[in-house]
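Listed below are the structures to be examined.
What follows is a pair of complexes built around chain A, which joins chain B in one and chain C in the other.
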Partner chain A sequence: MFNSPFFTYFWRFAGAFSVRSKIMGIVVALALLLGVGITVQVRAVFLYTLEERLQEQGVSVARDVAARATDMILVNDLFALYQLLEETRNNNPDLRYAFVVGQDGSVLAHTFGVGFPTELIEQNVPRGDDHHQTILLETDEGPVWDTAVPIFDGRAGYARVGFSENSIQTSIARLTSQIVLTTVLVSAIGIVAAAGLTWIVTRPILQLKEAAEAVGQRDFSQRLDPWANDEIGQLTTAFNRMTVELAQAEQERAEREQLRSQLLEKVIAAQEEERRRIARELHDETGQALTSLMVRLQMMNELCANPELKTQVEGLRQLAAQTLEGVHNLSVELRPSVLDDLGLTAALERYIQEYRRHTAVEVDLVVLGLEERLPAPMETALYRIVQESLTNIARHAQAETASVLLERRPDRVRAIIEDDGVGFDPLAANNGERLGLYGMRERAELLNGQLTIESSPGQGATIYIEVPL
Partner chain B sequence: MRNEGRRTRDERNERPLFLLIVALFLLVGCGRPTETAVVNLSDLRPLAEPEATTVKPLRVAVAAIISPRGTVDSYTPLLEYLQQELDRPVELVQRRTYGEINDLIEAGEIDLAFVCTSAYVVGKREFDMQLLLAPRVQGDTVYYSLLIVPADSPAQNMEDLRGAIFAFTDPISTSGRNYPVWLVQQMGETPESFFSRTFHTYSHDDVIRAVANRVADGAAVDSLVYAFALEREPELAAQTRVIHQSPPFGIPPVVVNPDARPQLMAELRDVLLAMPHNPAGRAALQAAGIDDFVPIEDEAYDSVRTLETAVNLAVSD
Partner chain C sequence: MSVIRILLADDHAVLRAGLIALLNARPDMEVVGEAADGGELLPLAEQIVPDIILLDLTMPRLGGLEVLPLLRQRVPTARVLVLTMHNEESYLRQALKAGANGYVLKKAADVELIAAIQAVMRGEMYVHSSLTKALLDDGLATAVAPKSETDSWETLSEREQETLRLVALGHTSKEIADQIGVSAKTVETYRARGMEKLGLRSRAALVRFALARGLLG
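Here is the complex of A and B:
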């Protein structure tokens, strides 16, 4: 029933109005309905009662006239009859007319003065054994209740009296206007009261709505005063409990987040330190060892006369040279000392130079305004992000060209890495890729920066990094 | 299919609402008979004069010895009998006083009249009202004036009614006015000095009711009417008491106007005299409280004349 098309239509209609309009509408509609209903009903009952009384009055007066007219008619005292009718008319303001018809059908006396509306006679002719006969006559002056009573069992004719409904109509009109006036007054009072009530009822609802919107904006400090212990008051209390719990949860989350980033920062710092140490170790210890090994092998080669041995030594020296290069590369890969020594620009130039050598991707580096060194954690982070991005491009993008833009603004540093590869859906990247992207983002966020990826399949990819100074 | 089912259900839901609205309108409209004749009450026209009847009705007057309604009840069968026997319409004419009837008879407006004794005496003297017949009641053509008082009244005779309220019938009634006035005059008084207050009821049955209901402390009444009234309203017997009866007077006669055609008089006489000889006539006589009709002579009313003269002389003194 509640999901019938009728109700759907009803809710679409009712839902288009605010609660205030609805309450006001209900009050006004109720007042109107009540007013109209009462007016109609009271009018009907009043009319019915008054008409009944008018009919009873008509019968009573007609019978009185008939009883008193009997002797007058029998002794032909027409003047007394006329006086009787006049007296009757004077005593009954609603009496429109009275007349007496003799046994032969002629009018013996009447209250019309000069002349008589002759068509009236035939309208209501009683039989001799009737107690009375009442009909409703439509006249040019409005409805008239016409009562006929036989005189002396009809042997002396009959008496007719007509009572006009005009006074009833006047009373009804007066009553109706009174009721309508009362209805309007009561409605006006009701509307004012309803307006006040609506304000009282909807104020907490509107406050709740505003507070809920604030909570939506992650403002969990909202607390409302529950005005009353009604449903809305209970809702307010529940809302307050919810914001308290949300605030607590938010605080816990923020603390966890802070711990996590601190931990991450430490992990990354430790990792970098470890890399730096290993790189230095490789460079200083292993590199030195390999270099002296090569020098010794060179000297051995010069001292050695045996050509076969000489060849063997030369092979060893070359192996040592290759291993030295491998160690060097590994060292640079782990942590280019140039990053610490000469800064981000030099490190990136060096890295891209190496990158070009190892991959088919044409990379273009543009650095603007970076004459001064940046803070070390920022340099490391930016270097690692660019490194990770270019590694990803080489692995997945099938790109021909890529470009790296690094720009220092007064208050921030911006980096843009772009490629013309196959692109990807950042939300649908597979787990490994997502982890890589996540690491990049984490690094940016540790510096209070932001990392944005714009890409879609077939459209290449652009990564924006902004870090405040 | 689903939509159709839903529509049917919605229609079913709307039907009671519709019926409710219709019922409301019916409720408002009820209580009014549907009479739709429209009459123009300001369209006043002169009333048509009664059409002149082709057959002149026989106009029969009955003096207001008893009340107009009582007269209609008592005399209607007799008039209907006359109408049938004479084969012409008969019209009953009543007036409030004896005098008005006498005037009508004198003017020739009345063909046949049942008048009271004194009205006859006056009519005979003034315009030669003609006697036709006299009714016989309880075997005789006389009646009496009875002095009546409420049943619980201590009064035993007229003397005891000094200072009382006394009701007369008609100003020229023998039994209802002249005889009691004569009684008062015998005591050297006038009605005005003897009674505290007097009034006229014009008919005899009303005077009995006046005494029965103690509107009057005493009254004089036609013995025929009294007997007839007691017969029809036995409770009156318990409420009234007769304390005095007058000498006999000639019974109220049946008369015709002085210019009545002899043929009509003969015809009327024949019809009235023949009444006891057929059932319809007997029933009509019984309703009027009459045994039959008999011829009567003017001398029968001499005692009435004597009384009237005595009373009028006393009044003119």
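Here is the complex of A and C:
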């Protein structure tokens, strides 16, 4: 049922109004419906009853006049007949008129004073054997129930009386206005009650909404007071339980994150330290030993008189020289001693020089305000980030030029690496690239800094790193 | 011709021994002392006042770069020839700035060292051939006057100028977009058009241009 298109349509319509409007609308509509229904029904019943009674009254009065008029007509006492009609009119306030018509069709007596409407006579003429005959006349004074009763079985003419409906109409109008007044009153009370009910229902819902929004903003300290034990109160309790759970989960997550971050920092520091140690070892021990080897071989070469031996020694010397070169390169690749001895600028200059030699990318380095050394961990991190970025550019970007900018401001250091290559969607980078970017971001975040990537396919890529001092 | 008196400072004993053998084998040279680090070197140099000091840059305690200015000060007559593994230009510049008379790489010690000592003793400066290019570049860089781009800058629209200035200051496209109230896409357009007009190819070139024009103050 809830899946039917009709229900969907209905819900789209009903959902367009707030709960407040819905409740108020229903209450007012019900009050109005009830008022209109009662008015229509009561009016109908009332009208029917009153009209029936008016007709009965008409018949009874007409028959009374007819019975009492019989003798007067037979003795032709027209004055008594007139008095009879006047008396009847005085006793019945709703009686509009009464008159008696003789056997010859002439009016014997009437209550009109002067100017009897003669056309009235033909409107209602009973037959002699009729008990009575009642018709409804539409006059310019309103509807009139006209009853005719034959006198002396029609041999002495007939009596006519007319009862006006005006008083009925007045009563019904009064009744209607009473009911309408009551309806309006009930509606007003209904609106006030609905407003109160709406407030009771929507206040906790609005509170819940605000609290849920705060939770959405990662504020898990939200607790609400359940007002009552109704459905909304249960919802509030459930909400409170949820925020407690969320706060706990968030705390656990933060702790794990902190541990992870500490571990990562340790791993990175250990890796750097290990690289530094091996690089130094290669540089100092292996390198120096190879150098002495070369020096001694050179001496041997000079002292040697045997030309064949001389060639052998020269070959060995060259081998030692090549090995020394290889060891030195390996040492620098692992961790350039320039970074420790002379700082970030010198290390980047050296790296970029080497990079230009091995790639087709034209790299331009601009360093501003870095005359003084930065803290060692920051230098290492920035060096590795630039190194990783430039490696990525050489590998994926197909760039012609790249820029490396390094600027020290009073309170922070900003590094920007930009290329004019094919770019990429930072959100859709493949796994390897994403891992590289992730590593760079982690390094920046370990220094409380942040890393921003701006790139889109075809637009090159820019990586911004900002680290506070 | 008198014998050249040499003081040797290197933390590696085996290498020292090799060098001593190499140098002493020559009739015109004599190693008159050896030191394993800068701390050891200083008093020794003051005491014997050698003609030339062969100085390693990487030594424990007092390194070559730290001890160099002190040597210049305390033993001004002695010439200093740096003998090192480091082939990076920055080390070379630092060493020359600190007062070295020559710079020899260890990988070439076997064949170049003697020539370097002789050149330095003649009052020349000796620098290993792979590094001389860098020194020339330094000289050239300062010799080339910055080109005047005043006019091309004025051809840029106000929006383009503002965008380029903010780019040179290191703002992200999004920050610039928020600041001047356009979309990031439009910022890219302003930037590309401005760079095109100025004939600049990279962000680094733009920063250099902005520095020269004083736009970053």
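Simple rule for what comes next: the second predicted complex is superposed on the first by the 452 of 469 C-alpha atoms of A that agree within 3 Å, B and C clash if a C-alpha of one lies under 4 Å from a C-alpha of the other, contacts with A are read in each partner's own complex, and residues count from 1 in each chain.
We take it that a residue touches a chain if its C-beta (ideal position, glycine included) is under 8 Å from a C-beta of that chain, and two chains touch if they have at least 3 such contacts.
These numbers were taken from a predicted model, which means no experiment stands behind them.
Under the clash rule set out above, the superposition-derived model of chain A with chain B and chain C shows the two partners fitting side by side. When the two complexes are overlaid on their common chain A, residue A:S337 makes contact with chain C while staying clear of chain B.
In the superposition on chain A, A:D64 makes contact with neither chain B nor chain C. Residue contacts after overlaying the shared chain place A:R296 against chain C, while chain B stays out of touching range. In the superposition on chain A, no contact is made by A:E445 with either chain B or chain C. Of the two partner chains, chain B is the only one that A:F6 touches; chain C does not reach it.
After superposing the two complexes on chain A, the angle subtended at the C-alpha centre of chain A by the centres of chain B and chain C comes to 170 degrees, rounded to the nearest 10. Contacts of A:E418 after superposition on the shared chain: chain C is touched, whereas chain B is not.
Of the two partner chains, chain C is the only one touched by A:A402; chain B is not.
Superposed on chain A, the gap between chain B and chain C at their nearest CA atoms measures out to 44 angstrom in whole units. By the touch criterion given at the top, residues 6, 9-10, 24, 27-28, 30-33, 35-48, 50, 64, 67-69, 71-72, 76, 93-96 of chain B touch chain A in their complex.
The part of chain A that touches chain B in the complex is made up of residues 4-6, 40-41, 43-44, 47-48, 51-52, 70-71, 74-77, 96-97, 104, 106-107, 112-120, 123, 135-141, 144, 152, 155-156. Contact residues on chain A toward chain C in their complex (touch as defined above): 283-285, 287-289, 291-299, 302-303, 317, 321, 324-325, 328, 336-338, 341-342, 345-346, 349-350, 353, 362, 364-366, 368, 400-405, 407, 414, 416, 418, 420, 452, 454, 459, 462, 464. Here chain C touches chain A in the complex through residues 10-12, 14-15, 17-19, 21-22, 25, 57-58, 63, 65, 85-91, 94, 106-107, 109-111, 170, 172-174, 184, 188, 201-205, 207-208, 211, going by the rule given at the top.
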